[in-house]
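Okay, so here's the structure we're looking at.
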Amino acid sequence: MTVLPYLVAVWIFLTGCYGLATSRNLIHAVGCLAVCQSATYVLLLAVGYRAGATAPVYSDIKPGSRPVVDPVVQALTLTDIVVGATVTALLLSLVMQISKRHGTVDPDELRELRG
Amino acid sequence: MDDPLIVVVLLLVAAAATAAVAVRDPVRQALVLAVLGVCLALLFTVTQAPDVGLSQLAVGSAVTPLLIMLSVRKVRRRQQDGKEKER
Amino acid sequence: MNHLLPLLVAAPLLGAGLLIACGRRLPRVAAESFGCAVSAGTAALAIWLCLNSSPPLTEWVGAWTPRNGTSVGIVLVGDGPGLGMSALASLLTLASLAYSWHYFDEPPRRHAGSYPALMLLFQGGMCGFAITGDLFNAFVFFELMSAAAYALTGYRVEEAKAVQGALAFGVINSLGAYAMLMGIALLYARTGELALTHIGRGLDTHGGPDALTLAAFVLVLTGLLVKAAAVPFHFWLPDAHAVAPTPVCMLLSGVMVEFGVYGVWRVYGTVFSGPGGIPAADLERALTVLGILTGAVGALMCWYQRHVKRLLACSTIAHVGLFLVGVGSLLPEADDGVALYLLGHAGVKAALFACTGLLLDRFGSVDEHALHGRGRPLRGVAVMFVLGGLALAGMPPFGISLGKAVTEEALGGPLTVVYVLVSAVTGGAVLRVAARVFYGLGPQPRVGSACETTGAGEEPETRHRLSRIPDTMRAVPALLLAGSLAVGVVPGFARIVARSVNEAGSGGALTSAHWTAAGVLLGLVSTALALALAALAVTRPELLGARPWTLPLRRLQSGHIGDYVAWVLLGTTLLGALALPGILTG
Amino acid sequence: MNGWTWTATIALGVGVGAAVWGVVTGPLRRRVVAQNLSSALAAPGLLLLAQGYGRPAYVDLALLLALLGPVGTLVFARLLADDLAGDPPRAWAVTLAVAGYGAVVVLVLCAVTGPGRAMVKLLVVGALLIGGNLVASRALSGGFPGSRRG
Amino acid sequence: MTRRLRMIVLALGGAGLAALFVAACFGMPGFGGDRHPYGDRAVHASLARRTANTISSVNFDQRAFDTLGEMSILFTSVLGTVVLLRQTRDEKRGRPQPQEVALPVRRYALVVLPVALVSGLYVIAHGQLSPGGGFQGGVVAATALHLLYLGADYRALERIRPIGVFEVGDALSASAYLVTGLAGVLAGTAFLANTLLPYGTFNTLSSGGTVPLLNAAIGMEVACAIVILLARFLDQAVEIEEDNGKR
């Protein structure tokens, strides 16, 4: 158990990479990149977890009454999720333009840049 | 202390992520990504990160699927137009 | 004065925000002037801070100054190299904004400010990355400069190549950034800190290096080396640099790629150099092997290109290899040399891209073969292009040559040969282009092989093809070359650079950087070699033409995102394997 | 762990596990239904967790999921209307069962909480959850007739 | 490069990376460990500044400079998307056609829209107290508007969505974040330091100094950003078509 969350994060990252490398559709590839990114969230939060603790949000509990988990990793992850979505949008807009200019979104059929 | 719960949700996330890669059609992948978003939100909740869970729910449940589906629609429309022109 | 450090980031970002807020009303000239003014102001601030950066400035953002040695805030470190890099980035941004002044193709309707705003955001990202002393913050600004760079690379959406190159750039760099974030998470798990120096201290207190240290090192370096385009992480670079608008290329090749090298230097020096980090011998092995590989592959790819922008992009890869070799030696003298080299290279490479942009806008092509002899009327540009080629080859007294000489002296031995050969080949390739395009020397080359990117059929970036070249576009490369020359000849400049680099990096071991007879001689040798190669290539094309054994190497550059991702993974494995021995024995 | 979290573990493991399985396999009509039910199956789990952890603040998560989950399904219903028109999903039995599960969970929690602001919030979540789920199912099975484009 | 070669390279690289990762995992401190020095300091600092939600305190006070960077990435990506999805010379705009929507769906959309909007604002406003904040609430508020597209049609959405206003709002809220930060420099302390505002009473809406201000700026920026982003994508998918196209 003590390493399972880390191993799951690694598994997700590597699976995402595999999907990215073997993808036949650029939209699918961008989706795989999002999967890779979610691996980083899982890893960060697993690192910040403390057994038996609760969230460091004191709107409904008294400060100091219960142990709390690490807020720093949560702050790092939280902003990254929203920002990750917009970067995904940026990449998707490039995919749309590729589909317009090349008439395909299959990376195997893109043959403009070589050598 | 909350071990079984975390293990169950971790396995759900791993399964959904694997499926999101294995499903090759972007439409179906978008469906899996939506479910992956829910699973991730559950994972963030059980690791006591409700803020992060909210962030994931807000982004993953509607915005990301909408972006992907709109891209698919645009790409498909183009390809249909292309085929009609060829005829 | 410390409080002014965050302004290096805030000023360009605020400028961009205001440009977008008012951009719908603003006429184009006003938007562009505003962009130039903000960029120039930031550059001035960076230079002023740089001149006052001894001893190094530190600033805790939000006034979270440490209590009992710990803080919860983010620290900014304004030492010589950091401020120098932000000054360089700001000056180059200013140069590219001036270069694109008024000439650049029409902005999207009602979005006159979007191009200068993106440039300012790019500048802000680079400045932030340069001065931050916090690992996660470095990642954030790393992403910021990447996001701006993707958008700028794909700016000409009507070009099929541009969008494809930009997507490859985006996907590979994002993947690299995620790898870096995984590495940061591992370091946080071990040390529970995010400030660079605290992480380093945390690793040291934990004891000797183990698998976790190695994995964190490899992952963080993967992100940085993807940005630096070291082999085998380099595939995105020719695709992106060949298609980006010329002013953007100036920034990408001139300074963004170099930020990867700077990041490696900074992260190793502050995080992994202690007893709990990666042993020096391992880093030396890893960076030297990757650097030599990068130099060799870059030089070969550079020589066989006919698309001029692609050729310049490949030469950037080759020179990055040389930077890595220098940084990997961990000698203070080599650090000085690389710093000077980097400054000189930025000016020359940006100037060469600017000249190529002029060709594109004038003739609608950047193909060496198609342009054969057509550049004759552009006398001034020809002179600048030749000077750029000579400087790239290492001709004294350009800054590149000085930097190379200092580094070569520090490295000594066989690595000097690598330096001379790579400089000669890349410089020779540029001189070959100059001879063919601007002077029409040699026979018209025959049609090349099927698997290469030609530079024909490119759209000019201006509204119309230029009939005469605007003065701004001519002045910018001239000034850039002059700057590169100044790095080499202004007395005392090299000493200042060396002092500030040593103050920041090598624990105060002061060394001096100056011209030596051996250095001048080596510079002249590589220049002569480059001239000889160019002359041979122009007069006897078949002698140095495509060889069958180079074909597989060129085929690897396939334009396929899946291939590039596979290579990135292989690169991390390679990096891990190269750094492994010290972990096993230590 | 207490009874609430144990219940949540089983409910989430079985419910969301089934949703993941459903969205990965089978024809498109089954996948969209599974996607729709995933939010309806997860939200009661989140409510149970909030109770089990003793953190009323976590109810916000269930509220947001109940609100946005059906919106996500509407996205698919809207943009896949053409694909689904020929083969509309028919899964009313499952949908109603899941809605009933949500109702039971909400009512049990209401009974435990007792009257007050927290109970109102729970009821709102329940209403959004069940209403959204049913409407989204309706949308999937022909909510956008005559979809051309627009 | 052939598919076979790619798979070989991928297998080699993946295996190496996996080995490295797994070895590293076994060197990590166990999951749920008790040592979080930075985290503990952050909790103390947050309570000292009377911010009930520690995560908001980290985001908008202690590491506000990170959030500045993240916000700029958001701003950049949106600006990039606007530039990349512009209407090019060979494209024209078609009129979107009205869409038939089944009555229950339409009613649901119209009922939920205000609820979602209010929830979004609630999540933003309570950012420094309970879970939530500008990033999450902004996305919810922006999503709410798009119920009009889902429940009615694109024309209805366009009528209430003056895109120019959102673009200006996006840029202004990004600038507002920066100006709040610069106020600290002008007051002589440090960038993004709170110099003017009192920290208020613990667990009330106005507690936490600059946190609510920066939180609100981010909320507005994110909401505007997502609206613009979706508007560009909807334009592409619904309106913009090639000039020589058949339709």
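Remarks
Going by the order they are written in, the chains are A, B, C, D and E; count residues from 1 in each one.
Here is the rule we go by: a contact is a pair of C-beta atoms (placed from the backbone, for glycine too) under 8 Å apart; a residue touches a chain by one contact, two chains touch by 3 or more.
Here the structure is a predicted model, which means the values were calculated and not measured.
Steps from chain A to chain B, taking the shortest chain of touch contacts, total 1.
If you tally contacting C-beta pairs for each pair of chains, C-E comes out on top.
Of all chains shown, the one whose average CA position lies nearest the global CA mean is A. The greatest centre-to-centre gap from chain B, using C-alpha centroids, is found for C. Chain centres computed from CA atoms place C at the largest separation from chain E. The geometric centre of chain A is 24 Å away from that of chain D, both derived from CA atoms. One finds 36 Å separating the Cα centroids of chain B and chain C. In whole angstrom, the spacing between the mean C-alpha positions of chain B and chain E is 17.
Under the contact definition stated at the top, the residues of chain A that touch 2 or more other chains are 1, 4-5, 13, 17-18, 21-23, 30, 39, 46-49, 51-52, 54-55, 57, 59-60, 68-69, 72-74, 76, 78, 80-83, 87, 89-90, 92, 94-97, 100. Across the assembly, chain D contributes 53, 55, 57-58, 60-61, 64, 68, 71, 75, 149 as residues in contact with two or more other chains. Touching of two or more other chains is recorded for residues 6-7, 10, 14, 17, 21, 26, 28, 36, 38-39, 42, 53, 55, 58, 63, 66, 70, 73, 77, 80-81, 84-85, 123, 130-133, 135-136, 139-140, 143, 146, 226, 229, 233, 236, 242 of chain E. Contacting chain pairs (ordered by label): A-B, A-C, A-D, A-E, B-D, B-E, C-E, D-E. Interface residues of chain E, counted against chain A in their complex, comprise 6-7, 10, 14, 17-18, 21-22, 25-26, 28, 30-34, 36, 38-39, 42-43, 46-47, 52-55, 57-59, 63, 66-67, 70, 73-74, 77-78, 80-81, 84-85, 126, 129-131, 133, 135-136, 138-139, 202-203, 222, 225-226, 229, 232-233, 236, 242.
Remark: chain D residues 53-58 touch chain A in the complex.
Interface residues of chain A facing chain C in the complex, by the touch rule stated above, are 9, 13, 17, 20-23, 26, 29-30, 33, 36-37, 39-40, 43-44, 47, 72-73, 76, 80, 83, 87, 90-91, 94-95, 97-98, 101-102, 107-108, 110-115. Chain contact summary for the complex, chain C toward chain E: residues 3-7, 9-10, 13-14, 16-21, 23-24, 59-64, 70-74, 108-111, 114-115, 117-118, 121, 124-125, 128, 134, 136-137, 140-141, 143-144, 147-148, 150-152, 154-155, 157-158, 163, 186, 188-190, 192-194, 210-212, 214-216, 218, 555-556, 558, 560, 562-563, 565-574, 576-577. If you check the complex, the residues on chain B that touch chain A are 1-3, 6-7, 10-11, 13-14, 17-18, 20-22, 24-26, 29-30, 33, 36, 40, 43-44, 47-52, 55-56, 58-59, 63-64, 67-68, 71-72, 74-75, 78-79, 82.
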